[in-house]
Structure formats: C-alpha cells, structure tokens
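Each chain carries a letter (A, B and C) given by its place in the written order, and its residues are counted from 1.
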Amino acid sequence: MSTPVPLAPPTWALKVEGLGRIYGDPSAASLAGTGPEHGTAVSPATGAVVAAWDVDFDVAPGEALGIIGESGSGKSTVMRCVAGDEIATAGTIALRGVDAGTTNIRDLDPSARRRLRLDQISAVYQDPAAGLNLDVSAGGNIADPLTAIGWRNYGRIRERAAQLLSRVEVPLDRMDDPVRSFSGGMRQRVQIAKALANDPPVLLLDEPTTGLDASVAAGVLDLLRGLLEETGVAAVVVSHDFGVIEMLTRRVLVMQHGRVVESGLTDQLLEDPQHPYSQQLVAAARG
Amino acid sequence: MTTYPTTEMPSTDTAVRRTDRLAGPAPRPGIFDELSKREIRRAVLSGIAIPGYQVPFGSREMPVARGWGSGGLQVTLSLVGQDTRLKVIDQGEDAGVNASNLRRLVVGHVGCEEETDTREADVIQSRHRIPEQPLQDGQVLVLQVPGAEPLAGIVKNMDEQRRMHAEADYSKMWVRLYEDIVHNGLITNAAGYPVLVEGRYVMTPSPIPRWDVPKLNHSEGVTVLSAGREKRIFAVPPHTLVEPLTFEDRPFEVERTPGAACRLCGSDDTYIVQEPGPDGTFSTWVCSDTDFCRRRRAGDAPEVTALEAALAHTREESTI
Amino acid sequence: MRTDITMTTTTQPIADADTGPAPGAVLSVRGLRKDFTLHTIDGRTVGALHGVDLDVGPGEHVALAGTSGAGKSTLLRCVYRTYLTGSGHIWFRTETGESVDIAALPDAEVAQLRGHEIGYVSQFLRSQPRRSVLSIVATAGVARGMDREAAHDAAAAALRQVGIDEQLWDMHATVLSGGQKQRVNIAAGTISPPRLLLLDEPVSALDPANRAAVLDLIARLEETGTAVLSVFHDLDAIERLATRVVVLGGGKVLATGAPEDILRDPSLPLEVAR
C-alpha cells in the first residue's frame, strides 16, 4: 500500500469562493437584473433578493480583512453565511482547521456546522445580546464554550475566564455579576472574551463597535487591534464605518447591492478608490 | 342520510378474528384498554433501548389528575398482571394518601396483589423516593415524574431542547451548575439532580433526593420514569452508568445531617426526615422509607443499604 | 550646462528591467503611469505620472525633487501601493532574491512585504491605537521579525535617539504633539530597517534640534544597506542625505544626478527651502 503524499496545508485560515445567498427563488433566473450596474439586489424576474453573490476572499492567520458597504449591501449576509447563522445558496467556504481546507463546510450537516463554532470559528455581533446570555455572569458566559468542548474543572474554568476577562480589561470584581448589569462597552468586551475562549483560528466581527459611544468604541477598537496583532487569529471585520476598517484591517472588500465592487489594501482603498461607489463612500467618510 | 358505495369485504368472521389477534385479549371494561397498554410498553421498551432518552407517548386520561401520578399509573397498569405483586409509595411511605389511592385503583382494576415489602414486590411505583432496600434483578421501579425535561429551566424553546439532546450539547446545563456554585457556593439542586445516562443523555431522575441518585447507577432493577402531563417516558435499564453532573473539583454529595438518626429504628444510614412533635416543632427524625424502617426494627433488613452498595460499586469502578 | 546631468526621461544606470529590478538594484520603476478618475466629479481624469523610470540600490538614498504637484508623493505612494499603478512596473527584489512587481502583486503579498521589507514614514502617525509609544515602536520591530525582547530594547534605543523623553514612553501616542508623533513614526519606521524605506517629508514638523537628530538617524541607514527613496522639502536634508537626486516635473523625470550638481543647477524647477 502506498502512502498518499500529504498536501501542504493552505496558507489561508479561511477561504470563501463564489459565495451567494438568495432569499426567494434560488435559480439563475433571479440573478439577471441585479447588482450594482442595475442599482438593486431585487430580481425583476422572480422578486428574489440576491443578498450576496460571487463573493471571493481568503484570510491568512494574523491577518484582518474588512468588508465595507452600506446597510443592505450584503456584508452582514456574507458574515452570517460564513458563521453558519445562515445557509449560503452557493459557493465554497473552507477552513484550514477542517480537513486542511479540503471540506466545503457549507456541505456539513447543521450539527457538525454548529460544532465548528466551538473552537474553529467565532463571531462577535453588534448586539452583545446576540452572543451572550445577559442573565448569566460574565464568567458563566465564558464557561459556556469551555464546557462545550469538555472542560469539567470548576477551578480551571474560573482561571481561564479570569485570564480572558483581564485580557479584555473587564475588572475581575465584575466577573460574577450578570452581564445585564454591564455597560454596552463592557458587554462587548465580555462578548469578545467569550469568542476567544477556545482560541479559534478564525474570528468574525460584525459591526463590533456600532452603537457604542465614541469614546467607548475607541477603547473597544484599541482592544481589538491589540488582540488581532497578538493572537494570530484570522479576522473578518464587517462594518459600514471606515474608521473601524482602517483601524483593524489591512485589506478590504467593498460591497454594493450584494456584489463585491472593489477589493484592495485598506489604505489604498481610502487613498485611491477606483469604483464610483467606493469613491462615494470615501468622500462621504472624509466629508 | 348519505349512502356510501360499498366494496367487497372479507368475511366479517375472519376480520374480527384478525383484530382479536392484533389486539390481544378482549378489552376489560375499565380505565385502560389493551392497545393503549401496548403502546405504553412499546414506549418503555424504546426508553430501555436508548437509556435516558425521552420517548413521547400518547398519555391517556386517567382517573387521577395530571401531576398526581397519571404517568406512573399508566406505566404500572401496562406492566402488571393478576399475579404481579405491586408496591406503591409516596415519599417512601406505603400508607400515604396518594399511594394508597393509586394502589387501590390498580389492584381494583387488574386484580393484582398488594405488597409493601420491597423485596417481594415485582413492580414498585414511587413518588420522590427510591427504596433503601437494594433493587434486585427482575424488579421494576416506576417513578412518577412531574417534569421530564432537565433543560426546561434553561432554554424555553422545545425545539432547542430537542436539538440540544440530539447533539449532546449540554454546555448551558453546565453553565447553570457553574452559576449555582458562583452564587451559592455549591450546586443547590436538591431534588431531581441532573444525571448523565450512559455518557449520552442528560436526564432528570424525577424529584428524588440526592440521597437516591447514586442508586440509579448500575442498578440491578429497571427504572422507568413517566411524565403523564408532558407525555414522555424514559428509562434506565439494569447495569447502566448514571453519573450526577458535577465538576471534577466539586464532588457530588448526598444529604446528611450529622448526629441525626431515626427515632424509631435508630438508623443513621437511611434517608431520614424531620417529623413534627406534639409542640409543633421539628426536632426528631424518622426514616422516610417506612417498610425498611419497620424491617430494621424487626431485624429483617440488610446491613448494607442501596446507597452504600451503590457508592461501594462506584468507588470500585473509579479505582479500576 | 554640466555634462553629468542628463535631461531625459530615462535615467541611468538603467539596464533592461522587463522582468525584475536592474542588476544590483532593490527597486526599479519602469514606465510608471498614474492618473486619477474622479467619478464623484463628473468622471474627469487627472494625470499624475506619465512614464517614470527610476532605480534605487542597497544603501543608496535617492531623493525626489521638483515643484509641488510634480508627482513626488504620488510616486512614493505607488511604490508603497497606497495608489494603484495605471501602467508600468515597480520591480522589487525581496530578501530571498525574488523579483516581484509591486504594481501587479496580489494585495495579500503586498501586505506581507509592507510588514517585513518595505517601510513608509510620512509626517502623520496614521491610525495608531491608543497604545504606549514604546509598544508602537516595538511592534514594528516584531513585524519585521525581531523577537519581543530584542524589539523592546531596539525600540528604547530608537526612541532615545530621536529624543523622545523616557517619561513619554508609556503614554498613548494620541497625547503627543505633532513633532513627537513624527519622531515616534521615524523610530518605528527605522527599527530593524527594512530593505526599502520610503520617506515622505519625515522632518517637516520638527524643530531644528530634533530635525538634526532624525537626520542623523536616517544618515546611519546607509550603513545597514537600506535603500531609501525620499521626499524632503528642504535642500539641506537632500544635500546631506541623498546619494542621488531625481527631479520630477509634470509627472516625468526631468533630471537625475549627484545632489551637489542637481541642487546648484538654476535651470531645474526645484521648490525647496534653501
């Protein structure tokens, strides 16, 4: 018996190819007449919403990729499809941590897909309530992913939770307080700590500072930037805010009406945007 | 009146005989028909085949209110025959009002034998206790379950509860235990302590005290748990691993009151409860299991209680 | 007119550079064109560079000169890929000896080069988090492959050299003055010097004493073999640091030569403070 030559693992941690998500008739008939050149994501033929189509990107360990666009551009849909909160209509999503990137995780059954969320891919949502149980203590929220992968030692769970909370600068004397009693910025920090609990190789951030006061948002951004630099996690940052994208990412995709209209290095996109829509966004942000 | 077109049917005689064969003996007049009993037995068998898994069943109307043992009653009725010796207890007591009524109902309906001696009973229906006498091969313990779903207080959505069981996703249960220790210093679940059955399903063992929980592990008898209101049956077959959920560094402990012993038999190795004195205060203790207490006094009870036997077994297992 | 100044759009020492940098060069720019299409302003196109050729070798400091709007900063930004190139090549020889065209390289690979091999220092400290001054400089060292301890020591040395008071090291960079920020930026840009360093008016906001300290620091880069491409507003800096000056005008190379020759040529359109 010959031993198969093992393939070199990919350099990316997450790779997305031809990702699409259509609400309504998923057939090709829904595509015509949608996209930036038609100024709509709604199919004139079928009425389906082509929320995202033909989205390609990859992210390397230690790298952060931004997705920017107005609400309704499809950026959050892309994130939810990658996270597994939604099932993509088309495309391939591969993680280096899953069969060295050879498996399309879109094909996994829902339960296997959910298991990936424990230690392969984590998400931080705009609304902390989406990622946390507000009635449970900060430590308890972190205990959730830890016990899910089999931690059964109370002392060690508390140690790990304390370590994570101090990393995100939540005072340890708040560790046993219900998250509901926390401020917005503090809740977001707990959500970040929970997302990092099992050291996932891929982290998805959906508008992580939207809705926070400017000074609080700045603090959370500082924290995220430090974490991205230190942990070597591959991150996808979805935001409508160039400030967030500029602070956290090196590369960025611009989405409009469900399509990627431009991609580039973040500073290049800000200094020398090519697509009319990107120029509009930058002009508005700089305005 | 509408007339329907008729088709050629096989002779009525044959048809009747066929249904006879299908349905078993002719139905007895009364509260429970044979087909219903058969459905219950099927659910019990499914439960035994998948230890700890909650099997849905078509809970019937019983002449007791739901929540008063209607689930246990249906299982008992489907298991007993005329030659069965039936023991029914409520909080360990054969003479409790609820126990007496249920026993009278079954005996009157089936014509089986009443029994109070745990050793002699074939079927033991119980509310809130497992006898101190170790169960033997061939005995069936039927526990009445007011709430079958261990996840009920943790997630409200029943689809989500089912998904969590299907995927053995019990982290939220563990978070509950974690929070309990954080806020109370210990896991406060007193009755119905959650257990993991055969390493797979988390189950509530009905509101038995912690004292009785270890007895489920590697029991010689069969335990069937039935919730009439929630229409679920689940079971622990003999020699099944049943572990109370707890953290490695927070060992599971049973209730004990140092220095307390039964006023009647003097036992301090049985589950004892406080009784009201003539002055209305609770200062004395008695065995909850009245049969065992009586036999202890008569010198007719074993040295080793079911709990001690179970704990000895668990220790032996953990040293292997 | 002096004979060692060539008034052409092609400069020497240009060798054939169709597939990589000219022999011995770290950076070879060939036929670089860049214009901007402004979709938000009736779609008009503004030309910036109209075919620029340029080489920078290891240890060489090439200063760009010319009037405002000549395309100096545009050229630097094209090399750093902050601007996309219209046409032409920007050949770069990597540490491993590989030739890459920055104009056509995938974004992710450009990002890699930026971390390790190409540095860019402008007068602005861009989008830095509220982290300590010392950690900003040390992080730049770690990005270029130093281990944390070595990066920390090197960062301390660099900050000392650019005259940042030790009391400021653990403060957030956001509270610093413009001149202090600029010096922190220089320290971060020159720690564990990259193969190619792009300097865009790095001393414009500094007082004379600090300016001298920073110029000293840049002068010492020559010894490390770093190739430097710079834009300075003042003549003294060019004269002191540059090994060669390239004069741009109207998006083209007007002249190239030694600083002492170029800077004294009254015929060249130089907008520098003398």
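Quick note on the criterion: a contact is a pair of C-beta atoms (placed from the backbone, for glycine too) under 8 Å apart; a residue touches a chain by one contact, two chains touch by 3 or more.
Composition by chain, UniProt nomenclature: A = ABC transporter ATP-binding protein; B = Carbon-phosphorus lyase complex subunit PhnJ.
Worth saying up front: this structure is predicted, and the values here are computed from it rather than measured.
If you draw each protein chain as a dot and join the dots that touch, you get a simple line with two loose ends. Centrality annotation: A (chain centre taken as mean Cα position, compared with the mean over all protein Cα atoms). Put simply, the C-alpha centre of subunit A and that of subunit C have 35 angstrom between them.
Centre-to-centre separation of subunit A and subunit B, using mean CA positions: 47 Å.
A separation of 80 Å divides the Cα centre of subunit B from that of subunit C.
Among all residues of subunit A, none touch two or more other chains.
Remark: subunit C residues 36-40, 77, 81-84, 107-108, 110-111, 126-127, 129-131, 139 touch subunit A in the complex.
Taken together, the subunit A residues at the contact with subunit C in this complex read 58, 60, 63, 218-219, 221-222, 225-226, 229, 246-247, 250-251, 263-265, 267-268, 271-272, 274-276, 279-280, 283. Residues 111, 114-115, 133, 136-137, 139-141, 143-145, 147-148, 152-155, 157, 176 of subunit A are the ones touching subunit B in the complex.
Those residues of subunit B whose C-beta lies close enough to touch subunit A in the complex are 163, 166-167, 169-172, 174-175, 178-179, 181-183, 247-250.
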